[in-house]
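For reference, the structure I am asking about is given below.
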């Protein structure tokens, strides 16, 4: 049994990589927790695809404004510096590459960075894609935040996605509860291990050849 | 004014505003979830009776009111949307599973851009969204400057039902916060655009720099009274708003 | 020698055909005079392609605002109900067919409604198209307002344009100083004659087969 | 603020604002005629020295200042515009007749839409404008729903120089009247967007409903002082404005 970090620990870890001034979109679900771990006073501008930049936290219960919601249809607030715009302008921002980071959930990510996160392909399911495909191709850095394994113990990092794709070769980095992986031209590289995980254990868990970039990265930093 | 009639797109009632919508019409309905959903116009359309409709909306109805009620009354043959399945989309879910409604699923940004293209006289465009996915199957693709794109076509409508914040009699519109969403692009993409607003202001009272939908896109506008969470246009809190947090 | 009406008479004649509520773009040059003949109080909304609806007349000399100009770069004013927007939105209005009428000048109009009004094709000229091609295809009704003959006495109404085209089959009606012509599926039809002009004289002047729709039109109105 | 630096795109001088623009850059310059022309930024670019530029603008310079001065200094190899020839475009005219500047002529609406496409991540689009004309020669065409279209491609830039009215330190912009014109779309279409404004306001002082260019499109913003015909943002007449009526 390998060790894992909690979802909040993972959200905090993602938050550490978000620089001041970043324009960021957080996908529905676990990724929204990243906002909770951004340091107070750090100016990160949150985009929500239903037409807002400068989104603030959830309002007090008596300050819920039905005209002010996020992409998950949850009530939010506006911060000084907010801008509103219509849906075509909002998705133009994403598609045009103007967001610095988006953080998304995943069913599967392939070693080439293909993402599957909108449909399990079950024949009786009602398909619903929303903005997933736009988000997947719509930021300079596309981060996935996910458990490494499904509840059934299968790796979400795969050679080829078996679920319907959201985007092709679109993921840059995968933050999992076991380790952090970068998508590189030669496959996945482990850049940070949590707990007592090792690259060889992760290779066994995922069934993938993994580059060990944990040391290399440190060296690069020292040389820089 | 020298006996001229003056331009007025103002209708006295929602009934008058939705009159003449024919069976089989393609109807865009603004809103993202409940925000910006033109509930009073949808209710009026329900009462008006048009059927065999094609509806274009981001979602496929929430709860049992508004668009969901229109679906429940079997007035909608086909829906074009990005996100039909929600926690409270039970009306759509049941119709879909029973095979009683057709669904065209479009990625949200392509949906928005297709609507924008219709209003802007663009026939089709190459978008990177959806390339290599099931939602691009059978569609033309092209590599441009090293990036892969899918060809998507303009999406027009006969009617747009839009909820805005305020209007003047020329139909210049402003919206409120994230209730803006699909309103401006749908207003431009339909042959007949019908808008509900809280209030209709004097001509000239809408700041020319802040108009979001210029009046030339609007055919009919009707005031339905101030939304429950505002007093004189200012937010007064949500204690008494039913369903505001849902 | 046939009789002709003056440019201002022609502008007044065009203005008579503009209904209340029309959204109209007036091309640079003679067409701008049409605005001078719209009845006071009649609400016609003028569009200028550099980003404004609700354009008013020229300001007083001491009220010239350099940020408020029309497509001809002349100072204008704003009326109550004005809206400003950016260039892509402005041309989207035209291209999307949201203008009711535009009135343009012409070098030539063919009997199929092809328009040439941006270039004489002279080899040493500096080409400049501006918004001409967008205007030509960008209104529900495209009216041309022009002298029938060039200064050299040649007809501007032609079988085929010899000058470079602005738009193909885009003109609906031509207001000239001799007569008004509609573009129909079978060619040009005279719908109104000025002075003592006759259809046969105009056929001779233009070298075109012209339908006489002056009577037919009246009959239609009586029958309607 | 806990020691964080806060976002500030504000530069102290136009020199700082235009620093680093390389030779050979593709530079979009806002403005339609003189309205919205970022004169101070152009002057700074002239002083900065970058050469072999490609300039994208609606026009090709007026009189002897601004863009015309940049042309006169032989900094521009190529210009992409819709309307080079004007009564006061003598600098361009002379260079063009001497074969010392390349010209790509684009219908104005296609120019605007190509710029918009670049900012919106659209690779190319089918437009009806220009079909069957010399400016569509050699371009792909297609009939869609009975209408004829020409394929036009996105037009990107390395740099955009834009003149807006006011900004905040995040780069949210509002414009003034018809000086808005190409500013918003150019701001979105360039890798580095540099904006001059009259004033920089406190964050939060720009109405979120009225922001025209959201700050994410802006990289650098510099205040150049109030335009001559305004006092505290209000129009005060034109008696003393040089060239206002030209």
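Order as written gives the chain letters A, B, C and D; numbering starts at 1 within each chain.
To be clear about the criterion, contacts are C-beta pairs under 8 Å (C-beta built on N, C-alpha and C of every residue); 3 or more make two chains touch, one makes a residue touch a chain.
Just so we're clear, the structure is a prediction, and the values are computed from it rather than from any experiment.
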Of all other chains, the one whose Cα centre sits farthest from chain A: C
Chain C and chain D, separation of their C-alpha mean positions in angstrom: 30
Centroid distance [mean C-alpha coordinates] between chain C and chain B, Å: 35
Separation of mean Cα positions, chain C and chain A [Å, integer]: 55
Junction residues of chain B, two or more chains touched: 113, 120-122, 127-128, 175-177, 208-209, 212
Shared-contact residues (touching 2 or more other chains) in chain C: 78, 84-85, 88, 92, 94-95, 138
Chains touching one another, given as label pairs in label order: A-B, A-D, B-C, B-D, C-D
Residues of chain B that touch chain C when the two form their complex: 1-7, 118-122, 168, 170, 172, 188, 202-204, 206, 208-209, 211, 214-217
Interface residues, chain C side, partner chain B - complex: 20-21, 23, 39-43, 45, 47, 53-54, 78, 80-85, 88, 92-99, 138
Of all residues in chain D, those that touch chain C in their complex: 32-36, 58, 82-86, 92-93, 96-97, 103, 105-110, 112-113, 115-116, 127-135, 148, 175-185, 212, 227, 229, 235, 237-239, 241, 244-245
Complex contacts: residues of chain B adjacent to chain D: 113, 117, 120-128, 142, 144-145, 147, 149, 153-154, 174-177, 207-210, 212
Partner chain B, residues of chain A touching it in the complex: 48-52, 61-70, 73, 75, 78, 84-88, 90-92, 94-95, 114, 119, 124-134, 137-138, 164-168
